[in-house]
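Two complexes follow with subunit A in common, the first pairing it with subunit B and the second with subunit C.
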Partner chain A sequence: MTSTGTEQGEATVPPQGPDEKPVPQSSRSRRAARVAEAASAGVKVLLVKIALLSIVDAISVYALMVLFLREDWLVFGAVLVVTLIVNWIYFSRAKLPAKYLAPGLIFLLIFQVFVIGYTGYIAFTNYGTGHNSDKPDAVNALIVSSQQRVPDSPTYDLTVVERLGMYSFLVTDPDGEISVGGTDAPLSPVTDATVDDSGKAVELPGYTSLAFSDIVANQEAIAALSVPLSDDPNDGTLRTPDGSSAYLYLSDLVYDEAAGTMTNTTTNVVYTDNGETGSFVAADGTELLPGWKVNVGLANFAEAFGSESIRGPLISVTLWTFAFAFLSVLTTFALGLFLAIVFNNLRMRGRNFYRVVLILPYAFPAFLSALVWAGMLNPQFGFVNQVLFGGAEIPWLTNEWLAKFSIIFVNLWLGFPYMFLVCTGALQSIPEEIQEAATVDGARSGQIFRLIKLPLLLVSVAPLLISSFAFNFNNFNLIYMLTNGGPRDVTAGVNVGATDILISMVYKVAFVGASRDYGLASAFSIIIFLLVAIVSIISFKQTKALEELN
Partner chain B sequence: MRIAAPDTSDRYIPTKRPFNLRKWFFDTGWRHLVGAVMVVFCSFPLLYVLSASLHPGGTLITANGLFSEINLGSYETLFNLPQQPYADWYGNTLLIGTITSLCTVFLGALAAYSFSRMRFSGRRAGLLMLVLVQMFPQLLAVVAIFLLLNGISDIFPLIGLDSQIGLIMVYLGGALGVNTYLMYGFFNTIPASIDEAAKIDGAGHARIFFTIILRLVAPILAVVGLLSFVGTTNEFVIASIVLITPEKQTLAVGLYQFVSQEFSSNYSVFAAGAVLAALPVMALFLWLQKYIVGGLTAGSVK
Partner chain C sequence: MMVNKKGLLAAGAVAVAASLALAGCSGGSTSDDSKAASGSETLTVWVDADRAAVLKEAAAAFTKESGVTVKLVQKDFAKIQEEFIAQVPTDKGPDVTIAAHDWLGNFVSNGVVQPVELGDTATDFQQVAVTAMSVEGKTYGVPYSVESIALLRNTALAPTAPATYDDMIAAGTAAGTEFPFLVQVGPESDPYHLYPFQTSFGAPVFGTNDDGSYNAADLSIGNAGGEAYAAWLAKEGAAGHLSVNVTSDIAKEKFNAGASPFLITGPWNVPDAQKAGIDVAIDPIPSAGGSPAQPFVGVQGFVVSAKSKNALAANEFLVNYIGSEKVQTELYEIGGRAPALTSAFEAASSDPITAGFGAVAAEAVPMPSIPQMGKVWQFWGVTEAAIITGAGDSTQLWQKMTADIQAAIK
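Right, the complex of A and B next:
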């Protein structure tokens, strides 16, 4: 940012052109400009433009069709609006800046801006293991999971049919009535099926009947099929153990939609939807899982700050995140600056050699460096303990404080080359005359450095130090690959360790282990957003970086 | 030596000065000492992993005997692992990295061109937004990205979870935020009079952009492309939640899982995988070194 600061001045004069000139023009010159523009674009450009737009439109028409069939109106509307805007931008004569900005902006808005808002929404839900979908899905899942074959139930003759990669059941019930249905579509009567000699339906127009060999090949998928008899999940479903006959399966659980209760017919326990936890709960507190996703208000934040077992770790993780980011910047900058001074001597030979070797750690992929160091610091077998410390078992990665030290140390190895390069560049851009003038005035070399060079250097590298801080604040790879956040804090209510930083804690709560809690993880993410926002407001105010924006 | 010192400073000597060890040491010699220490510090882990990879069947403990054996057997084993499709990971990483960096460069250049050369309402606000967006990297919203792709895969499995196209699209969401400002600064250094001359000669905005500007800003395109490639190669968080099938994963995800499953027992195979994985990135880095240094000082962090 700093090196371009002076150069931005040159471009403040707005370039003149037909599209961006605010000055009123005569209609003749406007027309001339348009003709010139059209003539220069040529047929080829036009063809490419039309080809690209038609690809985009074809994809969105397909998307719209799928969404229409699924009756997903919100997303349907969003896709339609975006498609119309894109077409409008590229077919209109004006809107030149928009033509250049639109492709990147669409991705930015969906995958960076929208997801931040979506994180905010999830933080107020109980989304996670056991609360993955909506209520009808949860009811279905509960009923299906407690299904048992009804003893002495009638046998349905069955032909497994396939359409568009989805299996369906073509069944002939004991009375000879023929119907078809799939996992998502309850049985519905059909009349145009082909019937064999025994009265069993074997083919249906529009579907492909599966041969015996196909059934054997897809045995598992077919055995997992469960086709509801009707729209009411309490009526039970058809399943097939062999692919040629189906039986009625009924659930222990009966759902009463009006009362919103789930009753277990064997034990007669009634589970009620209390409207808060997003699940059916019995009078004695037992919960039926899976439940469904509900809005829980501030419950996740209350859990994060209210419950002792999470608040403690959250505070210590936050402090360590700040300490880690700050110490990382400090150590890498100190070593990088020192080396920049050492090697910034024109009389020294072999400077290019040193320079290439010094940037090797920077060129080596960071995730691999962390993994390699994790091997070298391994307490039992690692190089550091075995060779350098003669077989001592120093717990570099498993003791709380040594692990913190190891992380800072490995990050020093990873990060100092960047600071070295940056400081070398900044030192070389300080004019030689300043040093000469100071020497003439009688300053010693120590004074020149402390009073003249260092302040000048700090001015130009300050923005980079801030972005380095921001980067290390979320330096997930290093922490996760080197110590995996460990050693683990066993007293904590969430999976978190002594060297976890905020972002690795979010990842562990959301994606590691058997129980995933997206809601709580998103609440942690919101906390990171706020911290990052505060830090950036302060740093932008300090450096006034935004004021020189033009 | 003491007597010789004032002699040399007092009068002009046309011939070569006698070599003065003490003076040499205090002038540049100690710098070489620091350099030697740093060379060991920097290159040791790299030599360690290289030596471990040349010791077939080696464990973490045998890796401590540096270069005790030199044999390419581990590299052969690497490509014949039953559970870990290393060749697929390698191809995926190169493919995803290349496509992402090409698209990033293109999208970023388009946006930088419009910010640098056109004046429109909302321009300053747009630039401000880009600077602010930089502060919030995508991985902070990793949970929402996962759930968004999960929702998309119900409708279009092709770009949802476990799809490399979906992953690339997520990466492109970060294309503008990180790089446009860097490119914008460089675009501003190309004089606008070049555009004007071309315009007078009858070139339209598209022709000016594609045939003139893009060529003049090639160095910054190289830097942004390289940084984006390296960033994608190193990216673990989003790749690990999006890509589920082993054949679709990238090196970062695959090697991490490989290491966490059998760390100390099969170390030489991991080391071989690491050496091969690092090769393209390091080669690019050292080759484009000159440009990167310029790009770094203009504001970007690895």
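Right, the complex of A and C next:
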């Protein structure tokens, strides 16, 4: 009955259904009926609540068990705390604001705070191609891939045998010679083995032969077996990739766990972990890959500002990013507002039809539109040049300034319906009386717009303009699909073109080909985040001033 | 009314909390998979949707024989490379995944794959497929298909295969069509589709070692042949045979409309051309510089995760099941790419289109999978485009590009 109290506290008037019962006469019976009704409603709510919360708790308990078994204590703690808080909030009588806010806050934590925090963490590591795991994985991968099959060595037919819990290899070489050996015992010839029709030794007295299912069940141990061919380790070792045949391998890398070094046995080069780069490095600077993920401090930020390929274009790219975002907002807002005013005029016929048509560009996926525009702006075959300009070869996307113009133009086409929508809404919320009063006072329509409507409009639209600026600041899709940042000056030697904005430049610099430098990309993301945040804060301050005007 | 509002609120809130709890255990449920895998009886295989149907049968046969369950997980092919690299280190990756050979350099430098021992079956595959699946002399995957571009010829417009580039232009001009021949170039050029012409001038991107693998230290793109190729690009650009305005869509559309007798493209564009009513023949790409015109070949196959707990079962499955003629043939029938297994390829060659592309692929060179290759593209295409549009002296631009690549891969 926990919730009934709250219910009563808030519901000063009892709920009145359409199927109202005859009103009780005495105040006493009225009160009794009210309590009964509230209580029955409360029970329903309570049952639903308990059912839903028990589902949540059941899932949470399952998650906690799994996390406990995985010994993933951080996530375990987080899930536990959140589950407790959720239960506490929804089972308590009060805390109505928390009941409304909790879902939003949880989303905020998962999708905003956590993501930003994790990006911040990655920005201080060298996470990326060649450094995507921990050191034991890297050592393992290096050792595994340093196993080199001895050239022209034969294939040995293999039966895996077991004695006293130790696995051995019973091998038949191509000449029919049969021998047996284990990890500590080099191959030695045997004569008393049972041989099958093909001449392959399949059994040996004193040993148990393993069937394939047994091999599969113990494959980690068997795959790790390496049987020396002879007492001389330089002859190589036999290993099996599949449990039925063995091959002779030599490894040219040896890991010294105590010293933490890798040694190449053929060249005798020693690679040491210098503790900085997250990899084994030789004295002459050659690096063994894969390495592992380490904390690199501010190195990514230093590279973002220090390396030649980034520093050179950074200023022009930043300027263009601001120009692009600002012009995009300005042009789309101007056109959207103009159309909104036009279609807000009651004398206009077929307004609804035009409105629907105008919103169409907004309904297409933006990246698809960008691709279509790229085709239409093709100098030789594109619709624009062929039809609108009579076959002139205007390089819309390959001339530096025309490409910038095209980007803004296409973005205008993509973006004005949004501005049209919000301006229409805002205009319609301005009371007609104000306009009438102004007309009576003798104001001309230009004055009414400039002095009354626009300021009122800006109060509600300005925050959207700011968010539109932030969106266009990172409008990767449009740039990537329309020009891919081009045209590029090939003599500059940097992979950054005339229409690259910051985010597309980051993509090109941090993700070259298939190699990924997540650390550098994260560092850049934080820089861009700070830029956008500063611009937004300043703009919102300005908007506040606008509101006070009101 | 109050009741409903509160009920709604509670439901919403609880749904959110549920989603949180789910988020918490989504990590958990995947760990279950890996635990099942480390229980050593389940082999998890990532495969794209097209290939999954074929593998299902091979997997069933394997399970019957070995008792190892094969769990096929469908993935979007384009995303596999990144997800595999990201997930293998966390122990959540699969034991085996489908892969393109040019991902291998990246896989190896991230330490997420382990070598596969083809043993004596190595010779059963086409040489170029095994070479492509190798990094530094070690084979990392079992190939199942080879694919390259070739010359599509509209037999109604050009009855015979051209022997040289000049022959092709002459035949194309004689046909009186809008374009003597078509190849997609685009505003940032398309070095992949133009590569056969580049190799015909004796200017591969990287030199090769004795075993056919690429040597990153030997950047041969800027040799004398490269400069001759650059001059050729400028000449053909000026003559209008190569144009940055011809994108992949336009090239395909024009060829299907009969606006050119020749198109350099891959098998993926053949069905549409045939649908457009064109009788297509597949020919080797004619040489422009005198040496054989070798396109890049792309090889697809399966690789084993470095952290697989089922290495033996994975090897067995790949070598003896994926590598079998039956499975290779079935994969060919689904995807239409020439099989990598020689015997399956010979069987598939009864189809002239497959035979034509297969013959070109067999003589082609693998697309370099070494990590340095990733740094070549960013300079390569734009420079070709600049030369084709006549934006500067071809030799100077080409040498500038070579210097930029050299600086990027050092």
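The rule we apply is simple: the second predicted complex is superposed on the first by the 314 of 550 C-alpha atoms of A that agree within 3 Å, B and C clash if a C-alpha of one lies under 4 Å from a C-alpha of the other, contacts with A are read in each partner's own complex, and residues count from 1 in each chain.
Basically, contacts are C-beta pairs under 8 Å (C-beta built on N, C-alpha and C of every residue); 3 or more make two chains touch, one makes a residue touch a chain.
Because the structure is a prediction, the values reported are computed rather than measured.
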item	value
Which of subunit B and subunit C A:Arg70 touches, first, second, both or neither	both
First, second, both or neither for A:Tyr354, with subunit B first and subunit C second	first
Which of subunit B and subunit C A:Phe367 touches, first, second, both or neither	first
Partner chain in contact with A:Val45 - subunit B first, subunit C second, else both or neither	both
A:Phe381 touches, of subunit B and subunit C: first, second, both or neither?	both
Contacts of A:Tyr100 with subunit B and subunit C, given as first, second, both or neither	both
Which partner, subunit B or subunit C, touches more subunit A residues	B
Subunit B versus subunit C as contact partner of A:Ala533, first or second or both or neither	first
Touching partner for A:Ser213 - first (subunit B), second (subunit C), both, neither	second
Partner chain(s) touched by A:Val82 [first = subunit B, second = subunit C, both, neither]	second
Subunit B and subunit C contact sites that coincide on subunit A, given as residue numbers	3, 7, 10-11, 15, 41, 45, 63, 66-67, 70, 72, 75, 100, 103, 107, 110, 375, 378, 380-381, 484
Contact footprint of subunit B on subunit A as seen in their complex	1-4, 7-8, 10-11, 13-17, 19-20, 22, 36-41, 45, 63, 66-67, 70, 72, 75, 96-97, 100-101, 103-105, 107-108, 110-116, 118-119, 122, 127, 339, 342-343, 345, 347-350, 354, 356-369, 371-376, 378, 380-383, 386-387, 413, 417-418, 421-422, 424-426, 463-464, 467-468, 470-471, 474, 476-477, 480-481, 484, 503, 506-507, 510-511, 518, 521-522, 525, 528-529, 532-533, 536, 545-546, 549-550
List of subunit A residues in touch with subunit C within their complex	3, 7, 10-11, 15, 41, 44-45, 48-49, 52-53, 55-56, 59-60, 62-64, 66-67, 69-70, 72, 75, 78-79, 82-83, 86, 89-90, 99-100, 102-103, 106-107, 110, 129-130, 132-134, 137-138, 140-142, 144-145, 147-149, 155, 212-213, 215-220, 222-223, 240-245, 247, 289-290, 375, 378-381, 397-398, 483-484, 486-488, 490-491, 493, 495, 508, 512-516
Interfacial residue positions of subunit C with respect to subunit A in the complex	1-3, 6-7, 9-18, 20-25, 27-29, 31-32, 40-41, 65-68, 81-82, 85-86, 88-89, 102-103, 105-106, 108-112, 114-117, 119-120, 137-138, 187-188, 243-247, 249-250, 306-307, 309-313, 315-316, 319-320, 371, 373-379, 382-383, 386, 389, 391-392, 397, 400-401, 403-404, 407-408
Subunit B to subunit A touching residues, read off their complex	27-28, 31-32, 34-35, 38-39, 41-43, 45-46, 48-49, 52, 59-61, 63-64, 107-108, 110-111, 113-114, 116-120, 123-124, 126-128, 131-148, 155-156, 169-170, 172-177, 180-181, 185-189, 191-192, 195-196, 199, 202-207, 209, 230, 233-234, 236-237, 240-241, 252, 255-256, 259-260, 263-264, 267, 270-271, 274, 277-278, 281-282, 285-286, 289, 292-293, 296-302
